[in-house]
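Look at the two complexes coming up: chain A is in both, with chain B in one and chain C in the other.
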Partner chain A sequence: MNLGYTMKVVRIDKKNWVGDIENLSRSYRLFGPVKDDNFHRFEELDKDKLPDLDYFNTRLSPKSIVYPQSETMFEYCLDERKKDHHVMKEASKDYSQRAVIGIRPCDAAAFLLVKRNFDTPECKDPYWVKAYEATTFVGLACNNPHSACFCTTAGCGPFHEDGLDILLIDAGNHYFAKIITSKGENLLKAAGWDTKVDAGKEIESMKQNAETGITSFIATNKLKDKITADLFDAPFWEDMAFACINCGTCTYACPTCWCFDIQDEVHGCSGTRMRNWDSCMYPLFTLHGSGYNPRNTGMQRVRQRFMHKLKYYVDKYDNGIQCVGCGRCVSLCPVNIDIRKICNTMNSYEK
Partner chain B sequence: MSLKIPRYDINLEPSMSKHPDFNRKSILMHTQSGFKSEIIAIVPLTAHEKLFHIRICDPCERENFAFLPGQFVMLELPGCGEVPISISSSSSNKEFIALCIRKVGKVTGMLHRLKPGTIVGIRGPFGTHFPMEKMVGHNILLIAGGLGIVPLRSPIYWVNEHRSDYGDITVMYGAKEPGQILFGYQFEEWRRIYGLNILTIVQNAGKGRQGKEGIITDLFDDIDIDSDNTFAVVCGPPVMFKFVCAHLSKSGLPRQRMFVSLERRMHCGMGKCCRCNVGSTFTCLDGPVFDYWTVMNLKEAI
Partner chain C sequence: MIEYINKIKEISERLLKEGIVDIIIGFRKGTMPMMNEPCFAKSPEDIKNLVWDSNCGINLANYLTNYSADRKEKIGIIAKGCDSRNIVNHIIENKIKRDQLFIIGVPCKGMVDRRKIVSIFEREIKEVTEEKNKIIVKSDGFEKILKKAEVLQENCAICIHRNPVVYDELVADLVEEQKDVDRYEDVRRIEAMPVEKKYKLFDDLLSACIRCYACRNACPLCYCPTCFVDESRPQWVGKSINPVDIRTFHFLRAFHCAGRCTDCGACESACPMDIKVRTFTKKLEKDCFELYGWEAGMSLDERPPLDTYKFDYPD
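Take a look at the complex of A and B:
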């Protein structure tokens, strides 16, 4: 929830940063970006480990903090001598409060897009919703956006605040922390940050500066009014999908992709039922028992992914595209398929 | 006999304080963990299909478990996985549900090796149902191909139990070979007691069989469709829908009165895992029963 009054900004001296993080780790499980080879990735921070806030964008999105790549849902016993054998029991999990330090605004906004699927009035996904509600998002504004970023035209931005509880802004020797929600306020207390400052103008100019750093754009204004069938039957899909090797990299790296698979794993007499990330790029994703596959060709699967992100999602929720412009799929795709180009093509397509 | 759909009656409060919701989306929260159930009987039907009678262990849960024809359940087999299976028993049968399962993959292969007494889990029921209440007073044409008879057995039971509410009932059933006809042992009962008109056809009759040989659409030559007063329910392999529904359209049946039951790979049943989507609809929530008009306007549906 947004705080009703004018947003509070505090200054955090970088000299005290180590101690502040230590304070936080007493009441929160902390997650943050750490360096891994040439890339960064989000992981749980052990004691004495600091989040490395000097990074462009992590290779994989931080969606795994709320939605692990492989998550145990149920446990069961197959030993028929035991009581309650073959009965699914909910696996115990740690939903104590956690905080992500240094998440990029686009990645935080992505959680809001995914929430529309996992948290509906008819059915709340218990694992996702509990983990999401236990998490405080401390964002890090992008002062120098990456060349593949197109967040400003994807409903997001380098200083975007939706989905965040606190926004940190790196200002040389100190951070400004903009408190956005009451969750953020609680974290502020736990960290002991209380040097209130009036930095509205400074932040505003940094924001404008960062926004001018975004150099690539997409057009999404006409997607909503396009006829689904026209886009579906459009001739450009063969071309767009020609190079695709259906590797699934885009779906795993994407912060807004949520499809999953449910599998059982058995060791001796004890078993678990887990859900794992899945990808609509794979033929097995939709293969029927009978051998029939509604999305049999690579082209159909590529079309499904982009139609879902840029048309079905737009139609269903009437709240923009299912993309935050983080640019991961653009920079990681081995065959240079570019969602920006596809989006613009779809947006300007006339039958 | 009147329909057994409970209507909201203020005198019946508090036992009916909740309006019955057959679309069941609102009670999905209760279906996340399964009901502990037992396989009480296994009836081999053909070389590849068996009929499993499954009973929910807890008497209270068993009593409360209710579904409508066309809905499906997730059958979970701990250690193997779970599969979506449409229910093919009568919705008034409170003792057990019957699931007809063909041996095709890992879970179904394992199911075929099980013995009665095995503990399994049932989640559900999920999905939409055939609009039995809308069909009251009309003729019904039930068209099945191969395994498609499985979801249609439940509406057949329904019309049998509420026989006076409906007009002529015709079942058209096509299979590959005579040996693959499912529930053939019930046809005589359905014909004689309930007056159903059951037409079967096989692609390859083999030697010495009397009866029709051909494909399902050939059966349209044998019937007259009163297009103003008929509902059609179609279920079968994807290729069948187009041909059958084209025939129905030709005979003047509006597409809103043709209902099809679609098949999709499903894992969660609750519109989360996203693999059963057809356009922006989920087969597990908005289907599996769709009217053909909707299906025609959905890309990739059939």
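Take a look at the complex of A and C:
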């Protein structure tokens, strides 16, 4: 529940940070960024391990905290001597309360985009929804965005609050914590953060400062009015897609890519049904049982990825593009396919 | 090496103008520091965008067949030493015909390892330029000059075939090849390890793998219409991030490349997780060299040891 206009801010002294996190770990499973060679990644924090908030962003998005790359759904036994053989049983999961500390606003906003797919009135993905609902998102505002960040033109921003329960703002010796939802309020109590402050002006000025630090932009204003078939048949795809090697790096790194594949694996007499991330970059993604593949070429698959994010999604949900501007696909692509360039080309394309 | 670009453009323009080729495969400037994008050029306008510098590590031979199986046109391709050896591979494996190609040979002085530069610089890199043997790295109000030799890709640092082995025209005089290079010091170190230690090393190496297949897809050798990991009828390999399946993929892929790998480094440079994929391929490269005196892609007239048999081959 959003608390609306009653903005509440508390000050968290960094001196007490270690103890505060310890408090939190008593009532939450904690996840946070940790350093791994040159990069950070999100992982579950063992007791006594602190989230490393001196970071830019993680190499892969934190989507796996709610939506793991491989997730067991059912387990079964094929041994006919056993009573419950050939019966699918729900795999046991830990949906106890968890909190992600230090998630960037873009990554938190990405969960809301994915929610439009996994949590609808018609269909609720039980695993995603339960995990999402069990999670409290404690964001960390970006005081120093990078040059590949284009969040402000992707419906997001360095101090964006949608999708967060609390927004932390690093102000030197202390953090300001802006409470956004009742989930956030609960976490606040568990941590023992209660030094209320009136920091509205200071936060606003830091926010404006951060926003001016964003130097990369995309134009999306005309995407909605484009005729889908015109974009689909546009001549620029051959040139744009040439370099693409059709690996799944962009889709796996992306916080908003949600596609999966369901697989059964049997070892001896015990089997599991799991789902694994899948990628529209792969030929197998669309291969029909007949052997026919409607997206048989690399170019068709590249086009699909960008048409989905920047046109089909826009048309279907009428709520912007399926991208939060985190810049991971741009930074990690082995051959420098750049969604910003493709988005601008699509947006300005005239048949 | 940046000085090559004028000659590359001049040759490319002439080839297109005279109708000797229909397209040129090369690089254009990327949108990120230290990144160039493989591209094709068909018009004088496209030619203007071609670039050449120390960020052209992607192996262009990959673009000859993998994504253009039906290409019938004459292709001009810019090829450094390793690319040219992979072109030779393609030709002797009947993937493409020599006379369909015009090879613009680039005597290479090595490509830089952008990860290494990122780790040295420790802040966000905004711009990277190069001059002769120097790499100039810039951030806001901060600059660092690195010696190129110290930030080369690992495969380039030990490369002994920088010059193209086949070409129709060169963009510059051949460069002197590196001598007295110990190519296999790291492989010997691993060979000497006890089994458990080796196993642990491989496990650690692969622990970050997300199975995106960037290594495979960047590799010119991996052109199977359906890779064994993608085969679904029947399915050979599990699809999850189970370590056994991940190991199976990497080990089998390395074996599929035995006697064919040119150590171009495209796999490692493509990996988003910084996995040292060459650890596996190099062992097989070393074995082929020691058992058969074979270096892949050096000659159009000799069959590779693994698709032929000679009486004097060891068991």
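Everything below uses one rule, namely that the second predicted complex is superposed on the first by the 349 of 351 C-alpha atoms of A that agree within 3 Å, B and C clash if a C-alpha of one lies under 4 Å from a C-alpha of the other, contacts with A are read in each partner's own complex, and residues count from 1 in each chain.
Throughout what follows, a residue touches a chain if its C-beta (ideal position, glycine included) is under 8 Å from a C-beta of that chain, and two chains touch if they have at least 3 such contacts.
The structure displayed is predicted, hence computed values, not measured ones.
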Touching partner for A:Y312 - first (chain B), second (chain C), both, neither: first
Touching partner for A:L287 - first (chain B), second (chain C), both, neither: both
Partner chain in contact with A:D261 - chain B first, chain C second, else both or neither: both
Partner chain in contact with A:N336 - chain B first, chain C second, else both or neither: second
Which of chain B and chain C A:D125 touches, first, second, both or neither: first
Partner chain(s) touched by A:Q300 [first = chain B, second = chain C, both, neither]: first
Contacts of A:E350 with chain B and chain C, given as first, second, both or neither: neither
First, second, both or neither for A:F242, with chain B first and chain C second: second
Chain B/chain C common contact set on chain A: 261, 263, 287
Residue ranges of chain A touching chain B (in the complex, touch as defined): 74, 76, 78, 85-88, 90, 117-118, 120, 122-126, 228-229, 232-233, 258-264, 266, 271, 273, 275, 278, 280, 285-290, 292, 294-295, 300, 304, 307-308, 311-313, 315-316
Residues on chain A engaged by chain C in the complex (per definition of touch): 36-39, 56, 59-60, 69-70, 146-148, 239, 242-243, 245-249, 252-253, 261, 263, 265, 274, 276, 279, 282-284, 287, 297-299, 330-332, 334-338, 340-341
In the complex with chain A, residue positions of chain B that touch it: 25-26, 28-29, 32-34, 36, 76, 78-83, 102, 104-105, 108, 118-121, 237-238, 263-265, 267-268, 270-275, 277-280, 285, 297, 299-300
Of all residues in chain C, those that touch chain A in their complex: 30-32, 35-40, 58, 62-63, 66-67, 115, 118-119, 124, 126, 208, 210-214, 216-218, 226, 230, 232, 238-242, 269-274
